[in-house]
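Next, two complexes with chain A in common: one pairs it with chain B, the other with chain C.
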Partner chain A sequence: MRPFLLEGGSVSQMPVAEGKSVQQTVELLTRKLEMLGAEKQGTFCVDCETYHTAASTLGSQGQAGKLMYVMHNSEYPLSCFALFENGPCLVADTNFDVLMVKLKGFFQSAKASKIETRGTRYQYCDFLVKVGTVTMGPSARGISVEVEYGPCVVASDCWSLLLEFLQSFLGSHTPGAPTVFGNRHDAVYSPADTMVQYMELFNKIRKQQQVPVAGIR
Partner chain B sequence: MSGVRAVRISIESACEKQVQEVGLDGTETYLQPLSMSQNLARLAQRIDFSQGSGSEEEEAAGADGDAQDWAGAGSSADQDDEEGLVKFQPSLWPWDSVRNNLRSALTEMCVLYDVLSIVRDKKFMTLDPVSQDALPPKQNPQTLQLISKKKSLAGAAQILLKGAERLTKSVTENQENKLQRDFNSELLRLRQHWKLRKVGDKILGDLSYRSAGSLFPHHGTFEVIKNTDIDLDKKIPEDYCPLDVQIPSDLEGSAYIKVSIQKQAPDIGDLGTVNLFKRPLPKSKPGSPHWQTKLEAAQNVLLCKEIFAQLSREAVQIKSQIPHIVVKNQIISQPFPSLQLSISLCHSSNDKKSQKSATEKQSPEDHLYVLEHNLHLLIREFHKQTLSSIMMPHPASAPFGHKRMRLSGPQAFDKNEINSIQSSEGLLEKIIKQAKHIFLRSRTAATIDSLASRIEDPQIQAHWSNINDVYESSVKVLITSQGYEQICKSIQLQLNIGVEQIRVVHRDGRVITLSHQEQELQDFLLSQMSQHQVHAVQQLAKVMGWQVLSFSNHVGLGPIESIGNASAITVASPNGDYAISVRNGPESGSKIMVQFPRNQCKDLPKSDVLQDSKWNHLRGPFKEVQWNKMEGRNFVYKMELLMSALSPCLL
Partner chain C sequence: MADVLSVGVNLEAFAQAISAIQALRSSVSRVFDCLKDGMRNKETLEGREKAFIAHFQDNLHSVNRDLNELERLSNLVGKPSENHPLHNSGLLSLDPVQDKTPLYSQLLQAYKWSNKLQYHAGLASGLLNQQSLKRSANQMGVSAKRRPKAQPTTLVLPPQYVDDVISRIDRMFPEMSIHLSRPNGTSAMLLVTLGKVLKVIVVMRSLFIDRTIVKGYNENVYAEDGKLDIWSKSNYQVFQKVTDHATTALLHYQLPQMPDVVVRSFMTWLRSYIKLFQAPCQRCGKFLQDGLPPTWRDFRTLEAFHDTCRQ
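Right after this comes the complex of A and B.
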């Protein structure tokens, strides 16, 4: 398991506002990385599908069903992650998708909820950097930056190192510590932590959907 | 008659039949009436012939009358009458007894006469001598004794023989039983070590490693034979065992895998003709039956065959820059240029021919026993892998495969981890890697050793680690000067010898990667040794109180070295009068110059510029020291002498 940092690359925070498109911003970032000396290592993809509990299983009080996110990460090609917001994270093998089809009666897939990020994977010494474009349907909605530092398994131990590294190519747009590490400082980093961060990022981007920021197109 | 009713009178005849007995229920059992002949016979019995003889008519007539009377009367009454008559007669005739005797004599004479007359005719009667057992002669009792003794002796002998026969029978039976028992106990022991099954009336065993996960198609069956038809009279050989095993002919003898590395490629003609020399069969351990060694040897042959089959299959499949060659019982691969790794299967049956040819060419040093052992380990690992991939129980929903592979999904393994699980490196690739490593290691050792023996000053010490990985080992190289180990330990190198290359970790953390070429390591060590001398001077200067004026590991001036760079140092004496400059190159060797104060140089031409006497304290020109004529056993010692000579006397 490798500590990992996900940069909340929403559009408003990125220099996109200066009049560049998402695509241009991504190019800018990757060019910076390449100039640093990072090596291109193929592509990556993280996708997320939202399920909500079916109406038949809900209580009569009319409470809203919990949302469940089923995610895949190309870094863990044999795994499938199922997460609840603020809830537990289940790690299963890829057969889980088939199981979800069987569980139609309890969990229904939200329409057009699929959100994913695709991009290039870079290796720079011990750092693994993934810069991706977050897309929802046909439109690009943001940028995600993931930085992983291989040799360390406790995130808080290498947080400042990650931050410094991020500053080298993001400039001032560095994020605060992810909330995943908020309450546990010495915990060993796990892949589930990565997926929680991606889920939070996707939710953040989804909420911005209603108020499209200028400069996206 | 007419008027009176007739009275019925039943007339019953008197019982004609005599009643024999009356039963309790009143039934009478009758005697059957006598037949005519029987009656006649009875009557005839009654006639007293002696009474009615022809001499007295009267008597006869009387007798006749009597007879007539008697006929009707009851027999018992007649008898009584007659007795009464007989009693009465003696009183009648006083000479009666005489008469009776005469009469009987007459009768007998008459009879004799009749008989004789009849006999004389030889018509109805003949006289034959009556056969009578003749009495045995006089010696008879002795013979009889002898015969009887003989008889009884024969009887006794027969009994003894019978008994003996029975005894021998039981003895042989015992022996057979014992053999049978031995066979069974041997079978039991065999069963504890080997898989056996019964097919028909045969007992078959399994030599193969199939149950351990082997996929080798050889059936590896052996047959258990009962070896009980041994001649019981002869002495049983010591190694006799009632149980024997028959091994398939292709598994007989001994086999081993030979791995060797040769420097130059052999002639093509030599390919595939590895000598099948026979190693002596391992002596059976005392107490273990000989079938055990036999089976173990056969199993070893089977395993060697499997290893070789696997290796040759991989050799054909794997694409490498220099293709692997498989010829007969040999696989040849080139791990490094002009270096050849040969793996061969040596299988020798027990005939003496192969044994003879073996001893001639055997050269024991080109055996890589470690690799041979590792091949065995690898195939067993391979077996285990195949075994564990099909192992039950298995979750119904999970895909088939290795357990770690199955867990990789739920445990969220990343790409690298999955790759490491899926490493499908074959036996051949692994063994080639190991061979490369072993070769590189031995070559490194040889290089260091040759340098150490060739160059005395400075000294090289190599500390090899005892515990290695199969693909990596490390050695610590120290370069020191004799007598100054404490002050000159600047050069400490850690050499990590891998498969293809050697990584050198310097004491200060620099990492240098050397290729497998021998020359690279040698050059590197030579340059390090030359640097060491300069470092040593620096350390020495510190100890002696000299000042370091300049120091350079890589001097850019002067003649260019073919290996590395020269290094140089300049040190000044404590009072500043003298300076020593040392330039040491790996190839050019060391050059030591001493700078004297100006006032000590007599031949120095008077300068027009430096008129003032204070300039005399400036150091003058350098003069080279004839270093090889200096006293001292090594460079640092010489330097120490030089420094102390140039230092002012403190006294």
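Right after this comes the complex of A and C.
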């Protein structure tokens, strides 16, 4: 398995300049994929919820509370992923959600923090492409593009090949190599690597939202 | 009567033979009638027995006579079908209702067709034998008929020798690991793992490679019973393509006198797939064509090409 995420921002900036909405851009992308010969294969969904470390458990040393992200991916319907930023990624059964309710005293869910991306799955030869609309609350915030090339298990091996594929439907708006596989050169790609990329993408989109808010103040 | 009937006019002999058969049948039935009726009423028991036996004898004599007559006639009738080139099937031409049952003309056509087929097959076999794709030393055809049971010597190598050749090849290529097993008797099966790119199942017969299946590094190569699964193909199009090319390579690398060189050449060729996802096509310079990377590797230069870019 070998997914890659495009930076949602860099993709959505293109249509904004041309005065197009997120929805129109998604349609443009999927039309290009279909022209390429990709076949529709159902839908997908990735969601992410943020948890704070509860104030009562923080020591008096003034250490900052860490953020924990609990994520689900429809590609792995029986799993639940719990990630810390720059930290370990835990892959658990879906029962983990129930456990989080019990751990209320230690981890509190941040209000209105749920962010998710939904869209269509496309298959083109051995490529799996997922174009999704990232939504936070009621509004669409950006577009995520995930490309997975199943036959190759080492991310850095097939990066040039993926880049060529991305250029065929994204044009010049292709991203740089994801940071995930810069540090581990020949490690076998795992589902957790995908989730880390989605977490980074979601965080980036969240920050984009905060910047204009601060400017208004 | 024999003078009248010549062999040429045996239609008359047929008619006579048929009436002779009828006579024979009636005389035989008379024998059984007499047996069925039993002894007739006569004054004395002795008279009864005598009359019955005489009657029975008469009947048997007439059967004998009719049978002799039939045998004599059957010699006159002869065996006309033997002269016909199609033997008994030639009699079909005598059928008067040609329109309803055109069996004879159909038969002739089928015969001509099968003759032609045999002729063309003979020509084709001659041509194919000149450019044989057989990888074993003995040629099929004439020699196979002469000694059908004889095995070419390269097929009866001791397993120990095969093990040695394979382990030497295994040591030659550090990025390639070869696992040898013998799940079904003496024939070896190899599981070749090439880096983190692909896995190849190689089915051997002595030192000849019979079959190869290429699968992804993360694909399951074992069947449910724990043995190597040599039948199912890869789920990925790219590895199905590589499997096809590997089968082509099996036919390309052949040197019946030195099977170990063949295995080594094949493995050297296979090793070039370590850059399957990293090498662009040497002709068009691109990575992808119709969604597939360059899956072909030149047999001599080992350069990467797309299937449609190779010459």
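Note that the second predicted complex is superposed on the first by the 197 of 217 C-alpha atoms of A that agree within 3 Å, B and C clash if a C-alpha of one lies under 4 Å from a C-alpha of the other, contacts with A are read in each partner's own complex, and residues count from 1 in each chain.
We take it that a residue touches a chain if its C-beta (ideal position, glycine included) is under 8 Å from a C-beta of that chain, and two chains touch if they have at least 3 such contacts.
Not measured: the values here are computed from a predicted model.
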Fit or clash - chain C, chain B, common chain A: clash
Which superposed partner A:Met35 touches (first chain B, second chain C, both, neither): neither
Partner, of chain C and chain B, that touches more residues belonging to chain A: C
Which superposed partner A:Val91 touches (first chain B, second chain C, both, neither): first
Partner chain in contact with A:Ala112 - chain B first, chain C second, else both or neither: neither
Partner chain(s) touched by A:Glu164 [first = chain B, second = chain C, both, neither]: second
First (chain B), second (chain C), both or neither touched by A:Pro151: second
Chain B versus chain C as contact partner of A:Tyr124, first or second or both or neither: second
Which of chain B and chain C A:Ser190 touches, first, second, both or neither: first
Superposition clash, chain B versus chain C, among 4-12, 382-390, 436-444 or 454-462: 454-462
Chain A residues contacted in one complex by chain B, in the other by chain C: none
Chain C partner contacts - residues on chain A that touch it in the complex: 1, 37, 124-127, 149-154, 157-158, 160-161, 164-165, 168, 186, 188
Contacting residues of chain A [partner chain B, same complex]: 2, 75-81, 91-95, 190-192
In the complex with chain A, residue positions of chain C that touch it: 196-197, 216-218, 235-239, 277-278, 280, 286-288, 290-293
List of chain B residues in touch with chain A within their complex: 397-398, 406, 408-415, 418
